Structures are given as structure tokens and as C-alpha cells.
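For reference, the structure discussed in these notes is given below.
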């Protein structure tokens, strides 16, 4: 009985292993390709005389179709962050509370059910959320004194509902990662569960919780369809130097929604087209930075 | 045992216990507050969609300037998107997962790949859209088409497949691989014969999730080839060529809810006259976006439930 | 002592995990068709040594080795077909591992991967290997059931059957009796005595008496150093060259 691998088989395996290696690096290739392609389409404007990054970031004058055009995205950036920050303000307390309840206070059966519900919530497409904002949420917001109901507040509520399942599940993982021996030690000292959560779990899981909030923030800043449909999409600055300092019922434009809504109508290769790609580069950079920070918070600069 | 030996709660422990009870209720309410509104919202959508919801709504083409009929071309477009993106994302994603879990050594390059996967998952969908426009529509010359949009979706959803493949593979104990290597079985044979058969269901849950993601995404397809204004004649078989623009459920919903208003006058086919729409027809037309939303939601939730059910099945049917 | 007819020759073998050197320059020979015993307390480098013999150390990340390992006079680290080489060395790990395949496929897995397809030959081979591992009688009626569902002792014998399935020339056993009962251990020991006719056996054992029963020559490792190698009877009779060996075999430590 001869046990010998055939040459052909060895060749075939070598081939498969090469294909696997190539697929393995595909993620790296894609991330670089995304940056390069998006940057490439916008680079003409970036290096031309009538554009400056400083103007893009600080000028409030966004008039890309006018001759000569002005590309000041400050209001759009402020609009993006107003929606994102308000959304996080709503989402974080609920998500953390939910995560604590699910990981520490509820029974095994309820936990299973809630986790399934939350997973399903996370799966609802953003265009459906946008539709809800447009049709349902706007009714309630109109009652608060807004004409259309489309506003920072509407977008923020929708984004909060969207990001809560994500923040919650990452937070729950972070809480779960705190060793049970900590819990047992604390309970053994006679403290209540709540004291245990407050004094042992939250400090123990703080890195993971921070990462959860950051990742939620990344999602919220990058979200497109929901804000496009729910924020009303008008060029306003919701911040104010006079009281009340913040107009939650104002319609705003966000970075993502600007690209989505204006891309379809611009001349291919024109300056307006290019500036939208540059906004894409800006968005890529922001989310990249947020994701990296979240990763570094959890894993440290060097992996152990 | 006599009574004096029993422990009794002091007022201090009693107040501690009450507080703990309240905290528990509070947390429960907080959790409910998250889930409940969404359930209410969904019921509201279904309620508003009731006038159009029927099997015909899914299988019929749009009629009367889209104010009547169904959404079949959009459903079909979504099927195209899902199938085509799956054809790319599933094999590449699974193999990337296999590479990361089975071949990659613990070095800087592997860490770079891991970071890339994390970031790929975090890139905003509209940036993926810009990439698709630059790379597939323009650079590769595919034009605004079903194939360009599917490739964009494939790149975007690949991290889902990679991550769940890795998870499924790493659940297979290392000792199985070692036992196989000890017999002189090659790395690939070990993966084929021992590792993959025991993680295939876990990988499938990830693939199903990819389907759900691909079906729901709107931003990446809206500038790479999706359109809402294709018209089909009655009796015509609806299909798309790979290089053609297409309709899709998610984009259909966006278009219907933001850019579309029911026509005032409709052509009466019997008399050839233009007649105003009846009240019933207007109500029907207004329910179409809700119907589209419910169908889209149904598809996405169906696939996610499938994935969850699969996971539960797995947990109860382990082979070791 | 250099023996030209050695089945396996090891010279100045060193191995590291990261910065930690766990085997410090060991040299020894294993003769054809002998049972060669290796004894020593935990952490003395026995398992690492076996892993260098069948070239599986490289699967442990951060590991490194140096020195010469020869089989039949050929440097095994120069062999291109590493899988073909591993096939020639059977390895039984200390903890029983049933692969999540049927009992039949557990044994037929390796031969199939080397291109053996004929059903009758496979059937015969599977039965022979299971019989040799003293498992056939217990499982012959349920060859289709999962190997992972067998008891620990049965899985250990399944592991031995698998190690025999690819027709090795050298069989390494790493504390095989750790998870099985004395009766089965005795059965397998009888099998090993028979197998000695057709292959070379390296037996790492935690049971000092097992080495005495089976091995003609024995090697004593301590903290990665070779303390003594020689005739088993001599080593166990209390007049070993090194006092440490005497202490170990008499149970003073280990």
C-alpha cells in the first residue's frame, strides 16, 4: 500500500493557499483603494488655486453652483456634529442602562429574548429609519413648533434609535469581559448589586464602554439615508452665541446627506463634483480616526 | 433551631434591598423604552401599509405613473444586488477569514489586516458609494449599472462575512488541527476535512447577515446605478442586464418618500381621456411607500431571524 | 555513542519558545525496531522534543529550533515534502482527541488525504488499525457514530488507531496512558510489543514502571537537559551513572 501525495494534489493545494492569501490581504487593499479612489476624484480641486482646505472647514458660505463657486462647509460640519452629539446624548444613557440591565439584572431567559430583539433592531435598514423620521417622527416634532418636523431633533432621535443597539451590544460585551471573580468578591463583601455595578463593573469595563460610545459616534457621523430624510437638509447653523445657544428644531445639512443629495445632479468631473469627493475624504478621515481611537482605547498602542 | 438564632433583616439591609429592587425596575424600563417605540413604529408602518399589502403588490409591476400596481421590478433588482454581491463577498470574505484564522502569523502585517477589517466596516456607506462611483462606474468602465452597484455592496458588506467566518473558525478547537497535522495531513486538507465542515453553519450565519445588509443599503447604490423611473409594459418579463440601471427596494422607498407625488390626472384607457384620480386611488398611491417599507423591512428581518435561528440550532447541535 | 544504523539520530538539539530555551542541546540515537523510553518530570522538554521529531513545532508561534534531526541518515529538516515526512512519524498526544468525524472517517482521514481511495483497502486498514489499538470490538457496530462522542479512554485508543492509519515507520507516544484505565493500558502495552516488530517506537511516559516494562533503553530528561541515557534495567536497578536519575526513578521527586 503506497501512501504518497500526488504532485498534482500538492500543486492544487499550493494554488488554493495562494488564493486564500490574496483574499486575506483584500481588506487592506480595499481600505487603501477606497481612500485613493475617493481622493483621486477630488484631487484636481484640492490642488487648484481657487480652493483651500481652510475655507472648506471654516467658511459658512456653501454655494457650489454659483460662479465663482464658494466651498465653505462649516455649516455642514456643524450640522453633522449637532445631530451626532444630540443623538449620542440621547442614546448613551439608554444604551448603558440597557447593557447593565441585560448583563447584570435580568434572568437568562429574558436576556436571550432581549438580545434577539436588539439584534433585530440593529438590522433595520437606514432608509426605513429615514422613512420613519419623515413620516412618523415628523408629526410629533411638528407639535413642538417646527414647520416640517424635519430637524436636528428628528434626525438625532432617529440616529439615537439606530445606534442604541450597537452601543448596547458592544457595552454588554465589555461588561461581560469583566471577570466574574470581581463580581463574586464584591457580592461577598456584602454590597448590593447596584453598588457592585457602580463601583466595580463600570470602572472595570470603562475602556470597553468608551470604545462602544466612540464606535457609536463613528456610526452616527457616517450615517447617510436616515439623516438625509429626517434632518430637512437646509443649510443652517444650529448653534447660536445667544440663548438658547442651540436650535434643536432647525433644519440642517450634514456631510453625508450633502454628498448623497447633490451627487446625482452635478456635472461629472466639475468643481462641485470634486468638492463632494473631498467631503468624502473628510468623512473617511473622521471615521477612520474615530475607529482607530476606539481600537487603541481597548487594545492599547501595542497589542499584548 | 430556636427563633433567636435566625438572622433577621436590619433596617439597613432592608433599605439596601428596596433600592436594589428599584434599580432593577429602572433598568428594565430603560431597556423597554428602547425596544417598545420601535415595535410601535413598525406596527404603525404595517397599519399604514395595509391598503396595498398583498402578494400582488410584490409580484406586480408599477402602473398608472407608479400610483398603482406593485413593486416587482424593485424586488427583482434587490434580488440581483443581493445575489451578485454575495457571489463576490462570500467567497472572498470566507477565504479572507480562513487566511486570518488559519494561516496568518501573529505579526505586524496581520495586525494591519485586522485594523483594515475594522476600518472597512466603519467607513460610511456614502464613502463606499463614492468609491464605487470612482472605481467601478468610472475607472473600470462599468457605468451606472447593477454590476457596479453590486460590487460596491460587496466591498461594503465583506467585513460581515470576514468577521463571522473568523468567529466560526476559531470556535473549532486547536487540538483538532494538531491531531490532523500530526498525521501528516496538509494544512489545506485539515481545513477542508476537519475545520470547515465544523464551522460551515457558523459561516452561513455570517453570509445570511451579508444578504440582509446588502438588501437594506441605499446610499451605496443611489449614485452607482439605482433608479426609480424605469417603466415596464404589462405582460413584459422584467429583467435587467448587468450593465443596465436598475430599480431596488431600498432606493424605491427613498424615491417614493422624498421625490414622488401622485399624479393629478390619469389616462383612462377606455376613453382616452385624462381624468382626475379618485379618492380611493389617491389613498392607495399614498400607501405604496409604506408598503415598500414593510416589504423591505420584512426581507431584512426575515434574513436576520434566519441567521439567529441558525445560531441557536448550532448551539444545541455541537459535535463535541 | 554514534550508531550508523540508527533509525533516528538527534544531535545537539536546542529549542526555544520566544526567548525561553526549553531544550538545551540534546543528542541521542534511536535504533530500528526498539522501544525507546523517555522519562522526566513535567516541564523537562519531552513534548517539545517529540514536536521537533515530526516537525510540528513550527505550528507553535514564536518557537524555534536548532540542531540536527536525522531519519535513516537523512536530515529531516531538509526534506521538501514535509507532509510526506510527517506521515512517516506517528504521533499520539497526551490528551485524547477524537476528530468530529465518524469513527471510520477518523481512521480513514489520513490515508484518504494521501490518495488512498479504494473502499476495500480502506475498510481493511480501518479494521486493522482499530484492532491494533484494542478498540475494534467496542466500536465495530457503530463505525458511523461520531468519534467525539466516545469516552476519554476510547478516544485515546482512537488517537492511537489514527496514528497507525498512515503506516508510520516511527511511532511516538506522549504519555498515552494519562487518560485511560490500567486494563486498557496493559492491552495497549501488549500491542506496542507486537508493533515493535514492524516499527520503531518512542515512548514518553509519566509512568516510570511503564518504561521499565517496555523500553530496552531509556533517556532521562530534566529541565531540558539530557541527564542520562542507557540500558533501562541498569537505570532502574539503582546504579545509574547520575545520582539524579536514581532519585527520580525511586520517586524522590518528579
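Couple of notes before you dig in:
Going by the order they are written in, the chains are A, B and C; count residues from 1 in each one.
As a convention for this text, a contact is a pair of C-beta atoms (placed from the backbone, for glycine too) under 8 Å apart; a residue touches a chain by one contact, two chains touch by 3 or more.
Predicted model only: the values in this text are computed from it and were never measured.
Separation of subunit A from subunit C in touch steps, taking the shortest path, is 1.
Taking the CA centroid of subunit A as reference, the farthest chain centroid is that of C. Chain B has the C-alpha centroid lying closest to the overall centroid of all protein C-alpha atoms shown. Once the centre of each chain is set as its mean CA position, subunit A and subunit C turn out to be 54 Å apart.
With centres set at the average Cα position, the gap from subunit A to subunit B is 17 Å. If you average the Cα atoms of subunit B and of subunit C, the two centres end up 51 Å apart.
The set of subunit B residues that touch two or more partner chains comprises 186, 189. Across the assembly, subunit C contributes residues 83-84, 87, 113-114, 166 that each touch 2 or more other chains.
Residues of subunit A in contact with at least two other chains: 5. If you check the complex, the residues on subunit B that touch subunit C are 105-106, 175-186, 189, 193-194, 197-198, 319-320. Taken together, the subunit A residues at the contact with subunit C in this complex read 1, 3-6, 9-10. Listing the residues of subunit B that touch subunit A in their complex gives 16-17, 19-20, 23-24, 26-28, 30-31, 33-35, 37-38, 41, 44-45, 48, 91-93, 95-96, 98-100, 103-104, 111-113, 115-120, 122-131, 133-135, 138-139, 155, 158-159, 162, 186-189, 212, 215-219, 222-223, 250-251, 253-254, 257-258, 289-290, 293, 296-297, 300-301, 304-305, 308. On the side of subunit C, the complex with subunit A involves touching residues 81, 83-84, 87, 111, 113-116, 121, 125, 166-167. Partner subunit B is touched in their complex by these residues of subunit C: 54, 56, 59, 61-62, 83-91, 93, 95, 97-101, 109-110, 113-114, 146, 148, 159, 162-163, 165-166.
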